[in-house]
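Okay, so chain A shows up in both of these, paired with chain B first and chain C after.
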Partner chain A sequence: MTAVGLPVLVRLHLISRRVPATVIALVACGAVLRGALEWHWVKGSGNAALQFPTLFEAGTAAAIAVTTYGPFGEPERATGRWLPWLRLGTALLLTGVAIAVLAAGAAAANLPGGTLALARNVAGATGIGLLAAAVVGGALAWIGPMTYVVVAEVALSQSWTSPWTWPARPPHDRGAAICAAAVFVAGITITAVRGCRDSLSD
Partner chain B sequence: MSVLIMPATAPLLRIELRRNAMLWVLPVAIGLFYYHAYRHVMVGPALWNERAMSLQNDTLLDFVAPVTGAAAWTGWRESRRAVTEMLTSTARPRWARHLATWAASTCWAMAGYVACVGVVYAITARQVAWGGPLWWPAVVGAAGIPVLSAFGFAAGVLFPSRFTTPLVVVIAFAALLVSDHPGGNSRAAWALSPLVAGSAAVGADPNVAIFYHYLPDLPIAQVMFLAGLTMVLLGAIGLPATSGGWRLRTGAAALAAAGLAAAGTAVGLAGTARLDAHGMTVIPALHDAASDQPIRYTPACGGSPVQICLHPLYAADLAVVISAVEPVLSQVAGLPGAPARLSQALPEFVPGQGSAPPANPSEFALTGVPGAADDAGALAANAAFTIGRDVLGVTQGPPASGSPAQQAVLSALLTGSPSSQLSGLASQLVPPGSPAAAAARRFAALPAAARHRWLVQHIAALRDGGVTLAQLP
Partner chain C sequence: MNVEITGLTRRFGRNQAVAGVDLRAGPGVFGLLGPNGAGKTSLLRMMATVIPPSSGRMLLLGRDPGSYEPRREIRQRLGYLPQSLGYYPGFTVVEFVEYFALLKDMPARQVPKAVAAAVERVDLGAKAKAKLRTLSGGMLRRVGIAQAIVNNPELLLLDEPTAGLDPEQRVQFRALLRDVGQNATVVVSTHLVEDVGAACTAVALMDAGKIVFQGTPAELTARGEGTTAAGDAPLERGYTAVLAQARS
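Showing the complex of A and B:
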């Protein structure tokens, strides 16, 4: 792979995964989060105030998860040795963009839990989405984060203490951070190595 | 649509029912329902109002993600498979195909909803001691399922993209979350949300459907609003030029307009809503005056010489209530101002202030969970204290006014009651070691019949403050 070829390969890979549209979707989530915090769409304090941010964190994770779907299907796996690195880089890039965009949207808006909790929650939900992509395929990977967000909302409303429901835990909770990080690492590793599940129709 | 087309639509619907994606996400919806709504509802008491209204608040939150997501996924199926042009050449217009697909998705979603709610209702029917099912909360929830599936399906059809599904799920969930916190104004359009079972100003009144009817005004408006939204979304699918001929698209536009009118009417009706005397939402245009009548029931009664009567739902608390009030009421029975019968009644609802006890002295408020003996005993003891205080002429404090003799007699009446609450009040009425405390002890040591005889003879003088401590037996 030449120095000229690598950027072209990266650009084509990002376009094939609809990464530009994903970034637009992430920016939209950040803007809506800003509006929700600015105009207090959801009334309440404590865990009740975390319901909206949690929803949009899962939404960004779902958007990242569906980018694992490739239009080429199984034949893409025979193209070369760069594919796992491209998958890894795409997932890391989009996760970083999601955290940055949501943090920017919540800047100076008194985001409950702060940026640390936001980063933890986005990483954990993204890991769930990537794991779902490995099981059910990229196009259906949204099922993972969207199912988890219902679980998380229940945990928030009932003040659960399990570290696996990390959105309901304080920002500096070590157990929640470990669980979210573990899920994120597992998801990103599996999708980088194996990619998302390809259906027969693909 | 002509009669010839109808038989051909049925096979299409059958195929869609067999191959619909909603069938595959139903286990997810049922799992979320069990994890959240079922466990939350079952923790509460076995009361129809509590469970039905909590179910209305929780179930759609569990179904929103699977139903909306599966519908959106199905909506952009033709684009995803790149078969749109091929299907355009088929006999069925595009809008008719879409309606059949939406109907199949909604059928499965509704089947899952009915199954989940049915299980809760069946279990509650076996557990509840009195009353019948509250259907309106379930109907409103059921009316929310077609809206969710129509929203997701329309988004998938009109904006086919891999991002459509997660984004519509987020939007639908966010809309339900926002509508679940409508604020304290019962007139707000947010009251039309399918999650709202009553006015946020009063919350789930524990007496609804027990002493008075669950008013269907708000549920009717909610169903009208949700049906209108569904019609708008389904009509919107038929508006694009590729949906069919001009006649079919005109029909779609008419459907959307009718839906808009229905939804707008519901919003207008919600704006006229007010709270009634029990904190329930009344919409004048939809209100049936017969619903204002209290629910008739045969009370469970017992006790002597003062008869205690409770709502049959609270029959299990009768023994506790009798043991709490009879020691006091038996001593003042027959005296001026003493009730011959003590009945359970509703607290008075005061807008902006909550509940106040009934004004009638022969009534007392017993609310909360039936069978909760501690609560029933405490409430009944409070009622007995109030009656004893009023009969003896001791007005409410602080500080409680009345002569030392009045307070000593009241303390004596409360002393020895099995209710710890009344025993505590007895010791607070007279300072320990005071002459009044000594007089109270003397009076309490008399047999009950002797105390009653003395009160019958001296009640007028005692109320007028003409009895001194030394004159107490």
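Showing the complex of A and C:
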């Protein structure tokens, strides 16, 4: 395929994965986060102040994970070399958009933990969502981030120190950053190469 | 030979769906008959490179799909229509077929012409700009066939392709199969023996994961002659007779 066909292929792939609707949902998440910070819905300080933003980070990750679901099934998998790159590009694009809109939403107010922690948390939760897509399929992939956020909320309330509960760790905690990055890389690699699971019976 | 399969097996847990299949097929229309659960779909999915075999040897278009580069080359020259085809309802007919043409690595400049030709071949030219959500089940089936043939495949795999088509469309579809089969290997999995009789140059009958008959439709018909096998048509009686013999 020449460069002429690539933009068309990318456009059709993004539409088939409902990426435009997902971007709108991500922007809405950023707007609500901004409102929450601006109008002081977030009470408390330290870890308690992170509990509400963590919900948004997991929400954006769940939205990204669900886009791994493709409507076409096996005929799409039985095609050429482009599909893994399209999956990879879609996941990277949406993760970037999620981090950008949440960071923009938090820009006016002081988000506890800052943009660095936000990027780490979104990437880690997205990795969990992508791994969930590989195990249970794209349509149910939201289960991963939503389960993780429950654990994260407990970790925040009880100040756990495990690096695997990265939302409860400070922004410059190297272990938490490595854990979140490892989960993100694993998730994005598996879903790019293999795609999400088509059916639980396979 | 475009398809050379030796001792192919596929297990799903404890269930052996395909149990040591040997198959060779060159250009022409090859019918794959058998009852539900015989292993036809699993065999077709392995040939479509979407699931790997548990054991055995498979060469498609002279290449081993077990390795990345040969599999990529096979997929560029493959058309595949599964039993149930998913679609994005907001796509038009042209967008759907165009997406698959581009995924199959067709040169971008050839795509519009190839898409238009494929859509015309399944008699959907008048619906080219229609959204898929507005089409009937039979029309969606024809859209699925269009995506499978858009790249002029050398190996075309169709799983129950005539399900949902009305009699007139089935007649047109059989003509299309014969046309494609002049240069390519077309493997059609079906329950409908009349499709095999009308369109296929060779036929295999599967039961319990094994091929229990391989020959021409005329030879399958002959297997039912002089027997008490059930069936409303000679080919059906041959089908029933072979199955009864295989199970006895």
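Operating definition for what follows: the second predicted complex is superposed on the first by the 199 of 202 C-alpha atoms of A that agree within 3 Å, B and C clash if a C-alpha of one lies under 4 Å from a C-alpha of the other, contacts with A are read in each partner's own complex, and residues count from 1 in each chain.
Here is the rule we use: a contact is a pair of C-beta atoms (placed from the backbone, for glycine too) under 8 Å apart; a residue touches a chain by one contact, two chains touch by 3 or more.
What you see is a predicted model, and the numbers here were worked out from it, not measured in a lab.
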Touching partner for A:Val149 - first (chain B), second (chain C), both, neither: first
Touching partner for A:Leu55 - first (chain B), second (chain C), both, neither: first
Which superposed partner A:Ala181 touches (first chain B, second chain C, both, neither): neither
Touching partner for A:Pro71 - first (chain B), second (chain C), both, neither: second
Dominant toucher of chain A (residue count), chain B or chain C: B
Partner chain(s) touched by A:Ala104 [first = chain B, second = chain C, both, neither]: neither
Residues of chain A that lie at the interface with chain B and also at the interface with chain C: 201
Complex interface listing, chain A residues touching chain B: 18, 21-22, 25, 28-29, 32, 36, 41-44, 51-52, 55-56, 58-59, 62-63, 65-67, 69, 138-140, 142-143, 145-147, 149-151, 153-154, 201
Complex contact set, residues of chain B against chain A: 25, 28, 32, 35-36, 61-62, 65-66, 69, 73, 80-81, 161-163, 165-167, 169-170, 173-174, 177-178, 181, 183
Touching residues (chain side chain C, partner chain A) in the complex: 12, 45, 48-51, 72, 75-76, 78, 80-82, 84-88, 90-91, 95, 98-100, 102-109, 111, 144, 147-148
Parts of chain A lying in touch with chain C, wherever the complex brings them together: 1-6, 8-9, 12-13, 15-16, 70-83, 201-202
